[in-house]
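Scrolling down, you'll hit the structures one after another.
In the two assemblies presented below, chain A is common to both, partnered first by chain B and then by chain C.
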Partner chain A sequence: MYKLVQPPLLFESSRAGRGTAVLPPCDVPDRPLDELIPADQQRLTPPPLPELGELDVVRHYTNLSTLNMSIDSNFYPLGSCTMKYNPKRNERLAALPGLLAQHPYQDESTLQGLLAILYDLQEILAEIAGLDAVSLQPAAGAQGELTALLVAARYFREKGDSRSQVLIPDSAHGTNPASAHLSGFDAVTIKSDGRGLVDLEDFKAKLSDQTAVFMMTNPNTAGLFDPQVREIADLLHARGGLLYLDGANMNAILGVVRPGDMGVDLMHYNPHKTFSGPHGGGGPGAGPIAVRDRLAPFLPAPIVARKAGGEYYLDHDRPHSIGRVRSFFGNTGVLFRAYCYIRSQGPQGLKRIAQHAVLNANYLKALVDDVYPVPYDGPCMHEFVASARTFAKDKGVRAMDIAKRLIDYNVHAPTIYFPLIVSEALMIEPTETESRETLESFAEILLAIAAEDPETLHRAPHTTPISRPDEVKAAKQPVLSWQG
Partner chain B sequence: MDPKTLKYSPTHEWVSLAGDVATIGISRFAVDQLTDLIVIDLPKVGASLVAGKPFGEIESVKAVSDLYAPVGGEVVEVNSAVAADVQLLAADPYENGWLVKLKVAPSVDLSGLFDYDAYVKKTAEEHDH
Partner chain C sequence: MAYIANTPDDERIMLERIGLETLDDLFRHLPEELRLNRPLDVPAALSELELTQVVGGILARNHGADQGVCFLGGGAYDHFVPAIVDQLAGRGEFFTAYTPYQPEASQGTLQAVFEYQTLICQLTGMEVSNSSLYDGASAAAEAMFMAISLTGRHGKVVVAETVHPEYRQVLGTFLESLEPVLEVVPATGGVVDARSMAAAVDDRTAAVVFQHPNFLGGLEDARALVAAAHAKGALAIEIVDPMSLGLLAPPSSHGVDIVVGEGQCLGNPLCYGGPYLGILACRGEYVRKMPGRIVGETVDRDGKRCWVLALQTREQHIRREKATSNICTNQGLLALRASIYLAVMGPRGLRLAAESSTRKAHYAASSLAAIPGFELAFPGAFFKEFVIRTALDPNELLANVLRQGYHGGIALGRFDPSLADCILIAVTEKRTREEIDGLVRAFERASSDLQARTAPTHRAKATGLASVAAP
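Entry: the complex of A and B
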């Protein structure tokens, strides 16, 4: 197999005196350095930066970029992350000067186009959710969760209701208990049953007048739609609680069912998963939230509103609002990409996305589940969780080994060891944008790996410059700069 | 310590009782499930633990998990060697890898915990999911 090579570090390629910058002559009067910077603040030695020609630097980064795995170069079935293809059209539109050259301190009268788009997006997201009001401010899904729970906390406080608990299934994303805790609630875990769904008996046992919110992910992290959702909502509402939907898996139900019709009172979206916002890189992101009417007064201020005359404005006059959660009006570049995607797909297109995401996941599951058993019976939604536990038991091969080996076959690894309720979990989400041929080729690779000898798998990947980093040392003693 | 003589909680902590002192650790199964361990957070001497409540955290390359007290009591000794180097726990969860020692009430009741055979049976079932 061809082994990729890591280019030397820029520091290692450096040659004294070699340079890139050709500076024009100084066109302002020369002044002594001491006049500009106090003597005790001046550096006596220049910083030890590498010295290279421009072409060497270009080659360095271009070659490094080829070691990266991305959706534009490789199949990327990273479960829970919905690594769908992001249409290039989004980027072209987001770069239009009418959007790119705006500044948030401009007068509102000169921002009418952008505000119209954001207003329209608020309306669209409310419609898809089957809910009444939207805030675009949160800068990521997790912040959306936190914002929604702060809204719920304010709602109960203004009613003089001192509920203290948030119920969360054991299959939930780790951000759920974190959001509950940060908004002042105690997180109470609800068990999953043998089908991978909410254990209704455990839910009933823990539901009380102290229950403020039940945080549900539906479809859940095992890729299963929980048909008990209406019953859960009714039980919860009868006790005065609110149903929150973690919208991470909206790609599976887009345009097919509205969360509001399931009994959901508030939710967040992950535009990078559902609406082709940019993935990864630590942001910028967006995590809009949608709520029912009675929660709307507490949404962050401002929201985009429209005057009777048709003029758009930022409504800051919201006395019950929890306040700001993000400067200005959120990460508008990400929101704009979501808007482009939604408008180019249209209502029928969005529905087809969900249908194809579910179809692709079920087809792939059927191709591999003889060898990689899926612990829960029946069809899945947009993703499925297979288990490598038989390999672990019989050959000492773990989910990590299989994930690492996939890299040698030019496929990105699935999410592993999540959700925690499945041992040796391989969480596979192909998304709607993959062809039948790609799915079949991936299935063949997975089956081929299953037949390989354990030693090959333990030492994988074999083709990358670095095979297995020492993850413990990397976490405990990270080396973050060149050591000379 | 012989794992066969220990009592186990459903959350994979073990306990060994000698007089009014209970030694607490986590099982080999738990260590294997966590995969490579990074760091552990243990309580201080004098802390009061409540049965079934978290008393510390363990972080692996996979996840951060709570440690739950299998019995309640006052912490009288903490394994500082494990706190400094969690690899000791990975190497030997039943001897050098113990976590804390508690002074427990004379009325302490271990009957709600699993014995070795029941625990092994439970983990085998868990592994089938």
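Entry: the complex of A and C
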């Protein structure tokens, strides 16, 4: 059996004079460089990049990769992140030059295939949302949130309505209040009630003519569907506010409930979650947004449109648009994979995703909730939040210890300490692509860990190339690049 | 149904365990009136074979840089991507992992990001880099937010007109709901004049934003622009083409405070505009105002060197509305690709790529400017991209050139009516002398086609035969 090892840093393996021939010599007539670039604009010395042979680089990254857990190698029940299988068929299609070799400023006549796909994706995302118009531009869920809030801000501004507040439940993702702040609004927190849902009384108390938007995550971060959503929408609409849906948890409701039918006015998708884009060690994602008709004029430009003759084009002529939130069209590579994923599912397949995501979560919850109590109990959606607080109280074992110990059993840890409304939270999202055997084996591991002695857990993980890192040192004396 | 593992037996056993009979029962606690009582109106499911055929067929209708010779730039470039980048970054252990929340199970990603941060510092000469942002334009916006926060100035942000028009739009979008205004300093002769910049900056200016090489390919007087910012206590933000840093003086030598750039050119495919790679690096003293994820070095319990997500107290999941940014992911995979690219190219390879691009661009520029009726629009030095001015309609000209097999350039009228007679042309190290000569011939032919098409009308009018000649 070979051993996992941390390779040295690239820079430590560098040897002067080593390198790989990638490019040919320049084949145009030679002219003195100083005639082309003034001497004072040129570098005096080459950048101090490492000098490595190609095999050095291959071994380096191959060895590094083995230090990661990933969906391809491990069960990865990271709550809120929807770590489902990333289909290989999409990757082969996404590697075709018909996608990869397309320049964003090509003539539209040379992009008819890609524009057709993006146009169809706009239509499909509108249908799944039960909303009217879609912008594919935002680069990630957080940018989608911010874009949607800018759309809302522009909508109110054009009405001459200067609302200043965005209401956000205390169970929300941290990106919600951060996006509200960046779009010029004040974030006002709404409490959760004893069931883990929006505290309706607190919502009513804080709802006012200053309320621009209520940002709701439904199903919420506790994995619960909030049945009050329609009532919330009605109350909000009566005061002129807009209901925003954080679409992080769309996997639970595909084809079952549509946000528009809940009274949602605008939302973002996380196609890298719901529609299975590879997460790439932290990105790329995408954050398309869907809105009602009356908000459509404010969407970022351009939008893919179709002429009467069937030809596709980019519609830049959007005088009420908020403008751009990024350069070029969008994260096309991620959007393309979402399109392939949806085309592989069809209407029945999309609904089965939601059904099995919810089935798997409820089944897993049933297998473990005797030992890992779920504070906000009842039927869950695609994920559930268990609490390790009894372990913490009785044995001094914290959610962190359980997470670390799980790694020894070759499974990735759940999301921990989130949502903030559950103490010692373990947020578990199995996704629909995992089998019953995997869930049962995970449940057995969780139960076995519950019976282990606290010292074993405190010292976990035991089998990884490193033990627990000193995060305090990393914060107090930050070393953020190789110091040579 | 493609990827669901549960069999009908599993389904039955699992439903029984949770006390339900059917899959629909899983949703019975949802209000009836909200539930969709019809199938979604989306296309029917395709098997893998059908999907491959159908989607492959649609993609085949595109005619990209693989089929026409590509001289398009404007912030996205057809540089060469070595095979090693695809092979290594495509490993499932990188590709299908997520943000390294559990460092013990993510040292691969963490070390790769730490190396990325180091490589960006080496390239730019700056002290710290974050783990990457969405793209060059949003990185510029994040740098602007940093500058507003660091200076506490809410008067204005001053941007050079030679900054990519889409980047300027992004800055404008994000400022619209906030207090500072965006002021544009006009270009003269394809660059911004440092004195005009100095005149625009006042003591309520948070930042000066410029691009070097700029959107039109030209080299700015970066040191003077930075000095214009610093003279009034504003921060200087420089937008760079990282490829240029194989050849050009690093931004640190300009005295700049924050550097941003589009990292697509470092081993990432064109992919119709994204996903791309936003680079952001700055002075060490600003690190706690930096947006995005940052990886730091530390030791484990046994004193062994390792890596973790560092300085998370800046971030949205802890600080919520007081966070430095709303960003919660980086562009991990693109940053990985950029690192592999830089590792395999090394200092000499990057220099060759940059220098070849420059030499070839100059060869193309002088050859095109030698065609009668074409001239270089601006007199100054440029890197790998330049502007040609023509009396012919650029859109018609480029359509003709396209029919001859060349993506010949970008008609600049789409960005700026005052440049309606201009074409932006980019040349990378991938273009051969033969391809450049071919582009020149295509321009010549297009030029004579366009002149021939207008000339007979003139002749016809002159000889009074218009009515006879008309079809």
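Definition applied: the second predicted complex is superposed on the first by the 414 of 484 C-alpha atoms of A that agree within 3 Å, B and C clash if a C-alpha of one lies under 4 Å from a C-alpha of the other, contacts with A are read in each partner's own complex, and residues count from 1 in each chain.
Going forward, a residue touches a chain if its C-beta (ideal position, glycine included) is under 8 Å from a C-beta of that chain, and two chains touch if they have at least 3 such contacts.
All figures in this text were calculated on a predicted structure; none of them were measured in a lab.
With both complexes placed on chain A, chain A has more residues touched by C than by the other of chain B and chain C. Shared-chain residue A:235: touches no atom of chain B or chain C. In the superposition on chain A, contact of A:104 is made with chain C only, not with chain B.
In the superposition on chain A, contact is made by A:393 with chain B only, not with chain C. Using the contact criterion defined above for the overlaid structures, shared-chain residue A:421 touches chain B, although it does not reach chain C. Contacts of A:153 after superposition on the shared chain: chain C is touched, whereas chain B is not. Of the two partner chains placed around the shared chain by superposition, neither chain B nor chain C is touched by A:167.
Contacts of A:330 after superposition: chain C is touched, whereas chain B is not reached. Once the two complexes are overlaid on the shared chain, A:475 sits against chain B and chain C alike. Once the two complexes are overlaid on chain A, the chain A residues touched by chain B in the first and by chain C in the second are 174, 471, 475.
Per the touch definition, chain A reaches chain B in the complex via residues 174, 375, 387, 389, 393, 398, 400, 417, 420-423, 471-472, 475-476. Across the complex, chain A is touched by residues 33, 35-39, 59, 61-63, 126-129 of chain B.
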